Every structure is written in structure tokens, then in C-alpha cells.
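Two complexes come next, and they have one chain in common, chain A, joined by chain B in the first and chain C in the second.
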Partner chain A sequence: MDALVSQLFAGLSLGSVLLLAALGLALTFGQMGVINMAHGEFMMAGAYTAYVVQGIVADAGVSLLVSLVVGFLVGGLLGLLLEVTLISRMYRRPLDTLLVTFGVALVLQQAARDVFGAPNVDVRAPAWLSGAVQVLGVGVPKTRLFILALAAVCLAALALVLKLTPLGRRIRATVQNRDLAETSGISTRATDRLTFFVGSGVAGVAGVALTLLGSIGPTLGTNYIVDAFLVVVVGGIGQLKGAAIAALALGLLQASFEYSTTASIAKVLVFVVIVAFLQVRPQGLVSVRSRSLA
Partner chain B sequence: MTARLRLWGGFAVAAVLLFVVAPGALSDFRLNLLAKFLCLAMVAVGIGLAWGRGGMLTLGQGVFFGLGGYLMAMHLKLADAGPGGVPDFMLLYGDGTVPGWWEPFRDPVVTVVAILVVPTGLAALLGLAVFKRRVRGAYFAILSQALAAAFAILLIGQQKVTGGTNGLNGFKSFFGFTLADPLNKRMLYFIAAGVLLAMVAATRLLMRSRYGELLVAVRDQENRVRFLGYDPAGVKVVAYATAACFAAIGGALFTPIVGIISPADVGVVASIAFLVGVAIGGRATLLGPVLGAVAVSWAETSLSEQFPSFWTYFQGALFIGVVAFLPNGLATLGQVWRRRRAGPGIREDESGQPDDGTPRSAPEASLPADAPADALPGRTA
Partner chain C sequence: MGPQRKAPPLTRPLLRALVVPAAATLALTLAACGARTADEPEADGTGSATGASASCVDTSGDSIKIGFLNSLSGTMAISEQTVRDSLDLAADEINAAGGVLGKQLDVVAEDGASEPTVFAEKAEKLISSDCVAAVFGGWTSSSRKAMLPVFEAKNSLLFYPVQYEGLEASKNIFYTGATTNQQIIPAMDYLKEQGKTKVFLVGSDYVFPRTANKEIVAYAKANGIDIVGEEYAPLGYTDFSTIVTKLKGSGADAVFNTLNGDSNVAFFKEYKNVGLAADTLPVVSVSIAEEEVGGIGVDNVEGQLTAWNYYQTVDSPANEKFVAAFKAKYGDDRVTSDPMEAAYTSLYLWKGMVEKAKSFDVAAIQDAAGGVSFEAPEGTVTVNGENHHIAKTALIGKIGPDGLIHTEWSSKEPIEPDPFLEGYDWAAGLS
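Moving on to the complex of A and B:
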């Protein structure tokens, strides 16, 4: 029983990290079909933001909260810059965006290496996040619970924004039918920019959260980007719900495979499961029904 | 006729350069470097076929390159250990016994067959699974990348049988020829050059064939091809498997030439790095990928020796600059320039141009026709 519960938490915890990493992607990839390989580097920027903020604000608790906000802004502004300068030029060539943003990722990584040095750095977790909580007889680190909660909050916030606010309405309209949205008076360009800002901002938040799990380095983002993209592929495009389910499912799957085999074989098994899953549902878990042949 | 003449002329020039000029002009060290670049160019030829002509952006060629390289490395390690011997790293990390699935690779014939069959078969299997379900575009790219990530992680994790992060290295001989002898190193270079030329010729034949036309048609208008009664999935699988085969051969030669194969050569970053040269040279052209790959590897070697951090910036800038602003690569620079000079609104009729393997349509039209952003999912309801 204990082993089962602890596996469950390991999976949920991994899933919540994946979800944080994939939420922003679900927005940008779903909305514009833009494959942003630099998304991981936006996370890395968020993580280093936490590092810098901690150098200014001494109290670890306050600095974490400040970092979450500043991280969002840093990630968002980087995303906005990328959208305006490069991505807006290549909306009709999604595969090329992938390569261009990979170039951006390389540059950002090297920039981080030059500014902060190649060795990893640490961000102190606040005192109220140290230690573990007993849940169902199993000790769960508080930082893990915090990330789980943060992922839930981000998911809820994004879902509410999409559902209730005028911005969300515009975003959904643009996703569903770009041309119709445009003829209805929505500035799809402005919507794109805002979506990209929000999506990249969430990446920044994810980066700040990752500082709680271990030390951070310039290649932090590359560790997560592939899995995050898989989450979006499995989840289905343009739907937060799908991404959420997929993230948790992949997290649980990875954790249970790791439990029965080793971490490296688990990765391969998860990949096989995903390919098999796409045989059944090539459009992902949740998809917008469409008659388009694409 | 002039086109054919130019083609064979080009081949003759390339053969003279590779077989006479380079060995004469370069030191043993430089020649070995060039041999390494030629191996990377083999991967590029395959990518040019799959991506440039077939529109499949494969971000996981490192897997097939690595499979070829590791299969070869396994044989070399076993051969060095002698009959019944155990490779040194296994004594170090493992329990000193050779696992059963390693044993067949003591035999050189089995190894060569495996290098040709295993990666190609894996690509065909994966391609069938993915393309039959009409998973394409970005989704295929992401899946291929995930495959590369999983492969690298697997290699690192299974240190006892793969050497882990260090990879496999320290080979002494290559099918009985000692690698310490510079003469044998030269022989490896000649093998690499010959294989590369053969691959380019095979690709040229494939491009000019009926199949080549079909491949480009699938790239540009997959549904139209389907409605005409062809099976686009089959067409794609062939190109993907061919690319995998080329990559595997490149990897298999890379291992003895460089003397090491490690997860760093096969992972996500290495796999994408293969694309830089192809993109720069011109993805849809015949020679663009080869020249691009050699040029980029050469630039990497010479620049990163002196300015390690500068190279990464440069590589990033190359990706951004070439893909964003010159999507058809440097090979089409001339066309773009001529068109600019001809003034706006005037499109050159290029149908009269000699067919040198470049697409015969106007540059914009020869881009792999990615689905428009809103139709990207590439999925049927």
C-alpha cells in the first residue's frame, strides 16, 4: 500500500512538472501551430530569474513569490520578442519555425552559460517548504506538493482566462477559425502576440518552480522540452484539458515503469506506448472535431 | 543533353577532388577529419531526401546514425577482445561476461548485415506506424525527436552493455586492419568517399525516377496524391527508411574513423545539428546537403577550437538566418538574386533550366508545403 501511494505521488509530481512545462506549449502550439523549441529556454530563463531575484531579496519565501511574478514577466517578454521579430514572419511554415526557434534556444543557452557560468547554481527553498508532509502514511516533500498546487493553480487560471475573459474568447475564436475571427473584427495578430506572451510567461513560472527541485543550469530546458511536446501531442491540440490529462497520465506511466524497470528503459517504454496510443487516436486525447482534410 | 553532361562532369570533378586532390593536399590528420565530415554528409544526403524531397522533418536521424555506429563499435570491441574475449569496458562496469545479444556481432558478416538491416527496419516499422495513421508535419517531427531522446537516455542508462556516457572507444583494428597505421586510416577515408559518392548517385537516380516525382507530389499535395489512388504512407516510408539506411552507414563508418561513438553523437541536439548543414546547403537539392554538411562541420571544427562559445552563437545564428530568410538554402541564392534583379512581379521561367536536381518550380513553391497554421494538426476527422 505504502509503495503504491508513494508511486502515485511520484507520478503525480512528475506529471505536475510536465504539466507546468506543457501548459504554455499547449497555448502557443495549439493556438498558432507554432512549435517553439525555445520554450525550454524560457523555462531556463525563469529559473535563472529566481536565482537573480534571490540575490536581491534575501528572504527565501518572499523571493520565491516575487520570482514567480518576475519569472512570468521575463518568460513572457522573451516570448513576445521572439514572436514579433521572428515567428510572425513565418506563420505559414510551422516546421521552419521549429528550426528557427531551435537556433534561438542555442543562443539563449550559450548566453546563460556566458552570463551565469556553465556550472549549475542553486536556489534556496524557503523554510516553509522544507521537510515532508505525511499523506496516507507516506512522506511527501513539501516542495513537490507546492509544485502540484502551482500546476493546478496555473491550469485553473488559464482555463478561467480562456473561458471567461474577452481575451480568452478572442483566443478561442482564433484557434477555431482564424479567418472567421478576423472577419468578425478580432485582431488576430494582437491575439497571437498576447497568447504567446501568456504561454511563454507560464514557461517562466515553470522554470521558477523547477528551482525547488534541484540545481539549475543552462541546459535545464532541454531536459523538459521533449517530454512537454509529447504531452501536447498526446493531449490533443488547442485544448488545456487534454494537456492536463496527458501530463498526469505520462507522469504516472513513467513513474510506474520506473518502479518496475529502470529510468532509462521506462523512457523507451513510454515512447512505445505513445506511438501505440497514436495508432488508436492519432488526433490526441481531446480534439476539436473538424471536417477539414488538412 | 547538356544537363546530363553537366551531371557526369560534376561527378567526375567530385571524384577527382575526393580521390586525388584531397589525399594529396591534406595531412593525415586533416584527411581523417575530412573523412569524418563525409560520414556526417551521408546522414545529410538522407535528410535531404526525407526532408527536402519528402517534407518529413526528421529530428531523430541521430538514432539511426547511432545504431549503425554502435553496431559497428560492438563488433570492433569484440574483435579487439579476440575470440571468446570480453571487451574492456564490460570488465570495468559489468560482471565480466558478454551478454547473449552481443555474441552474434563477433561475426563481421552479421555485423554488416545488421548495420544495413536493423536501422532501416526500425525506420520502416516506425514510419508505417506513424504515416499510416496520417500523423505528419509537426507531430512526426516531435515523435522523431522523442525517439532520439529515448535512445540517448537508454544508451546512458545501460552502461554495462553500452559504455554509458563515455560510449564505446579505443578500437584497435577495423576488420583486421590496425587503426594505428596511417595507411589504413587513409583506406577508411577512401571507403567513406566512395560510399558517399555512391549514395549521391543513388539519390540522384531515386530523385529522377517515377518514385522521386511521387515523393515530391506527396510533399506538396498529399491528399491529391491519395485521391489519385496512390498510398502516400508507402511513399513516405521508403524515403524515411532510405534516409535511415544512409544515416546508419554514415554512423558505421564514423565509428572507426573518429574512434569513438557516444550518446553525445546521437542525442536530440546532435540529431538537430545534422539539419543545419542540410538547411544551409539547400534541403531539396542534390548536392546542397552534402556541401552544407561538410562546410558546417568544417566551420565547427575550426571555429570551436578557437572560440568555443562563439561557435554556439554562430550555429544558432545560422539556423535563424538561413531558415527564416533563405529557406531553400545557399544553393538557391543565385535564383533569389536573379529574381530580385528581375524586379518585383516578374517570375523567371525556370523550366528551361538544366535539371541538376533542384526543384523545377519557382523557389517559393519548392518549399515543403507545410500545412497552413490552422490546418497544422494534419489529422482527418
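Moving on to the complex of A and C:
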């Protein structure tokens, strides 16, 4: 029973990490169709932001909260810069976007190495996040609860923005029918930029959260980029709901496979399940119905 | 991709996302290979020709070329840059003291880029086109295994400075890091001495941990220790909640950790957060040195154990000089670690061999190597002429609150290298 509860939790927690990594992609890849290979590097930038902020604000608790905000801005601004300078020139050229953003990812990694040095750096977790709390008789690390909550907050915030705000309506309109949106007076260029800003900002927030679990190094993003794309593809492109379900499902699958086999085998099994699933349902868990001509 | 699209073809971009970078990398590598074979040796023939293939090493001038081959980019750059730094320091010191056989060292530096294939290709370049007398470098076992056939075919010399999984001996490689009987077996001896009977193994999923753990399992069987768990995480894996859950439920009284790189941070953070502690369930690590402690965070690993042959805190005149010189060259905030010391030592050992052989010739050096000794920062080390490893003292250390590692236990004297564990009955059948 203990093992079951703790594995359930491990799965949820892994899922929440995946969700944080994938939420931004769900916007930029899912909604805008941009394959941004540098998404992981925006997470890395967020993580280094946490490191820099902790150098300025000594108190670990305050610096974490400040980092979440600054990390969002840093990730967002990097994304905005990338969108304005490069990606905007190659909408409708997915292969070029992919190569260009892959190159940008390498440049950002090397830049991090040059600025912060090759060795990994560490961010101290605040005292109120160290240790574990008892949930249903099982000790659960507080950092993981925090990340779970953070993922839920980010998901809710993004969902609300998309559903209720004018910006959200413009994004959805642009996704569903760009030409019609444009003729209705929506500036699709401005919408693209804002979407990219928000999506990349969420990657920055994810990076800050990851500092609670692991170390910060130039290649931090590469550990998550493939998983993040998987979540978005399995979830169904264009839907946050799908990404959320997919992230939790993949997290639970990985945790339960890992418990009964080993970490490496579990990864293989998860891939097998994903491939099989996409054979049956190539559009993913949740798909957008659009009236536009493809 | 335009915003208007049907759902079904959407999996294709992902496929491309994976295939295109791979194809691009492949193309670049192939191009580089092509370029490499194009500039085959412009041998000037002044070197002394030996063995199967003629060497083009130029020994006529007042300088001699040597090669440094470490990863300065890619995932291994973090570790290998430190080795390069101490190699540079040793070269500077040797040159300032008059060089080797009166010749100044002329270093040709290359980047192995964390890719075994690049290591092999650059090794070939250093030997055949730069005509270096010896190459120093390599870190991962896969980089060494990739370079081994190159050094054997070209009959040149590689000095490899990192502890590794043993079960190898090439007459063209000198191994100045520890083999298993100088690091892993002493660590197990230490745990046994401490009365530990239930050991949990956790490692990254690649050659070193798998081989090391095979040896540990055999040792444990022969010494009445139970292995209560053996878990591997893929390289770069950062989610250890399941493995730590298994560890917690295993009843272990010690952990033997062969995780690599970033995974250590995630593992120790998880370990600490679920309430495990060094005084009740100590973790012995063989891949965490002074350089890594800062990145993992001292808070996360304070009080944990490590197994190496050198710590910055080793109390010897040679080490005092080494640490002072290193800090003077690279800054006071830098630390020295085992692989750095082994690399530094390797250059001096090569110098000793050349001076004993009175020649830069590979065969002469191989003949002279046995018994060459150096007062290294870690203590006296001596080259074994049979297996080309060196006798070293094993040290178990404890990570202190200052981030440095302090010796807890020592094998007292240098342990003769035994890469194939021929001197241990329980190891029969492992190699």
C-alpha cells in the first residue's frame, strides 16, 4: 500500500515536471506550429536566472519567488527576440525553423558555458521546502509538492488567459483560422509575438522549478526537450487539456514501469506505448476541429 | 508550418525533429572525416621508425611536440576542462625547468567534443599529421576504447588520467588513474570494516557502473555482504523518486554510487528530501570529486563518502606545491581533484620514462617504463611495466562542510595495479 501511494505520487510528480516543461511548447508548437528546438534552452535560461537571482537576494525563499517572476520575463524575452529576429521570417517553413532553432539552442548552450563556466552550479532550496511531509502515510518531498502546485497554477493561468482574455481569444482565433482572423482585424503578427512570449516565459518558469530537483548546467534543457515534444504530440496539438492529461499519464506510466522494472527499461516501455498509441490515434488525445482548409 | 492544417500529419514534424539534427550531425561528421583522411601524414622521416608503422615524430629541433586531447565542448567539457588545465600547468612547469631531454614541450591541443568518434579522429590527426611524441587525455571509457585501436595501429602512446572499470591493458596506453582494485575494492573493504552488510547499488546505465557493479556483486558474495538492490538510471536522468523509494524500502545500510554527472545532484537532493542521512545510510561515491561538490551543493552531500586516490587536502610537500601552483595559475577559487592530479602526474611520468629511455621512441619508452616512479601530489606512484597502470594509495574521504574532501581511511601504502583482478579468487570468471 505504501509503495502504491508513493509510486502514485512519484508518477504525479514526474508528470507535473513534464507538464511544466511541455506547457510552453503546447503554446508555441501546439498553437502556433513552430518547432522550437531551443525551448529547452529557455528552461536552462530560467534555471540560470534562479542562480543569478540567488546571488543577489540571499534569502532562498524570497529569491525563489522573485526568480519565478524574473525567470518568466527572461524566458519570454529570449523567446520574443527569437521570434522577431528569426522565426517570423520562416513561418510555413517548418524544416528551416527546426534547423535554425536547433542552432540557436547550441549557441545558447555555449553562451551559458562561457558566461557561467562549464561546471554545474547549484541553487539552494529554501528551508520551508526541505524535507518531506506525510501524505497518506508516505513521506513526500516538499519540493515535489511545490512543483505539482506550480504546474497546476501555470496550467490554470494559461487556460484562463486563453479562455477569458482578449489576448486568449485572439490566439484561439488565429490558431483556428488565420486568414479569417486577419480579415476580422486581428493583428496576427502581434498575436504571434505575444503567444511566443508567453510560451517561452512558461519555459523559464519551468527552468526555475527544475533547480529544486537537479543541478543547473548548460545542457539542462536537452534532458527535457524530447519528453516535452512527446507530451504535446500525445496530448494532441493545439490543446492545453491534452498536454495536461498526457503529461500526467506519461509520468504515471514511467513511474509504475520503473517500479516494476528498471529506469532504462521503463523509458523504452513508455516509448513503445507512445508509438502504439499514435498508431491508433495519430491526432493525439484531444484534437482541435477546425473549419479552415488545410 | 502554416497555421491551417489537418490533424493527422502532425506527427511528422516530430519525426523530422528527431531525424534532421541526426542527419545533419552525421553529414558534418562525415565531411570532417573526409577532410581528415585527405591530409594523410606528410612524414618528414626524421623520427626514429619503429614497429609496424613508421613514426613521423620530429626529434631534431630543440622542441618536441606532444598532444593534449580533452573535450572542451559537449557534456564532458565540465570535467575534461579541469584535466586540460592541470596538463597545461604540468607542461609549463616542465618547460620552465628545462624541458624533457633538453627539449621544450610544444603542445598541440585538440577538442574531443565529448564524442568517442571525434576522439579517435583527433588522435589519428595528432599522431599522423601533427606527429606528436605522446598524447595525454581522454575521460570516458568509450573515448578510450575508441582511441585504443588508433594508438595500437599507429604504435603511439596515450596517457589516460581517469579511474576506470579495469579489465584492459594495452602496451600503447598508460593508465594513471585507478583501476578497480585501487578504488572500488578498497571502498568495499572499508564498508566491510565498518560492519555494513546490506549494500544498495545505484549507477548510471553505461559501461563503468555495470562493470564495477559486477565486481562488487562478486566481492559481496565472497565476503558475506548482501546486495539488496541494483538500480541503473539512463545517463542524464534526473528523476530519482522511484529509485530512492526502492532504496528506502530495501533495508540497506550503505549505498554504493556510480552515478555520473548531473544525475548525482538529482539523486542526492531526492535522498535528502525523503529524510535519508549520511550517518545512518552513507553513500560511497566514485564519481564525485572536489570539482563536482560545488555543483551538487555542499548541503546535499556533506558527510557522504568518496573513494579516490587523491584529495586536495592530502598532506604532502608535493601536493602543497601542486595546489599552490594551480591556484596561482587559475585562481584561488579553483579546487584540485583526483583526475586532475592523475593528469598532472601522467606528464611527469612520461618525462621520467623518456629520460630513463634517453629517447622519445615508443619502443624504448615501453621498455623503460617499468619501475619509473614520481613523487606525485597523492604520494609516490610507480609504473607497472607489465600492465602499464601505476601503483597508487587508496583513500576513502568524507565530504566536509567546506566542500573539500578529508581522508577518513587510507590503504597506507600504494596498491599494485591488478586490472584483471587476477589476485582475487572471487573475481575468477569476471574477465
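We adopt the following convention: the second predicted complex is superposed on the first by the 289 of 294 C-alpha atoms of A that agree within 3 Å, B and C clash if a C-alpha of one lies under 4 Å from a C-alpha of the other, contacts with A are read in each partner's own complex, and residues count from 1 in each chain.
The working rule: a contact is a pair of C-beta atoms (placed from the backbone, for glycine too) under 8 Å apart; a residue touches a chain by one contact, two chains touch by 3 or more.
No experiment lies behind these values; they were computed from the predicted model shown.
When both complexes are superposed on chain A, chain B and chain C clash. Of the two partner chains placed by the overlay, only chain C lies in contact with A:217; chain B stays clear of it.
Of the two partner chains placed by the overlay, only chain B lies in contact with A:274; chain C stays clear of it. Residue contacts after overlaying the shared chain place A:4 against neither chain B nor chain C. Using the contact criterion defined above for the overlaid structures, shared-chain residue A:96 touches chain B, although it does not reach chain C. Once the two complexes are overlaid on the shared chain, A:133 sits clear of chain B and of chain C alike. Once the two complexes are laid over each other on the shared chain, residue contacts for A:237 go to chain B and to chain C alike. By the touch criterion stated above, A:114 is placed in contact with chain B alone, chain C being left untouched. Of the two partner chains placed by the overlay, neither chain B nor chain C lies in contact with A:161. By the document's definition of touching, of the two partners only chain B reaches A:104; chain C does not. Among the candidate segments 115-123, 313-321, 331-339 or 367-375, the part of chain B whose C-alpha atoms clash with chain C in the superposed model is 367-375.
Shared interface residues of chain A (contacting chain B in one complex, chain C in the other): 32-35, 91-92, 94-95, 98-99, 102, 110, 113, 177-179, 222, 226, 229-230, 233, 237, 262-264, 267, 278, 282-283, 287, 290, 292-294. By the touch rule above, chain B contacts chain A in their complex via residues 57, 59, 126, 129-130, 133-135, 137-139, 141-143, 145-147, 149-151, 153-154, 156-158, 223, 268-269, 272, 275, 279, 309, 312-313, 315-320, 323-324, 327, 367-368, 370-381. Interface residues of chain A facing chain C in the complex, by the touch rule stated above, are 2-3, 6-7, 9-10, 13-14, 17, 32-35, 37, 91-92, 94-95, 97-99, 102, 110, 113, 118-122, 124-125, 130-132, 139, 141-144, 174-175, 177-179, 210, 212-215, 217, 219-220, 222-223, 226, 229-230, 233, 236-237, 254-255, 258-259, 262-264, 267, 278, 282-284, 287-288, 290, 292-294. Across the complex, chain B is touched by residues 29, 32-35, 86, 89-96, 98-100, 102-107, 109-110, 113-114, 177-179, 222, 226-227, 229-230, 233, 237, 262-265, 267-268, 270-271, 274-275, 278-279, 282-283, 287, 289-294 of chain A.
Within the complex formed with chain A, the chain C residues making contact are 1-8, 10-11, 13-14, 16-18, 20-21, 24, 73, 75, 77-78, 81, 205, 231-234, 236-239, 241-243, 245-246, 249, 262, 265-266, 269-270, 272-275, 291-292, 294-297, 299-300.
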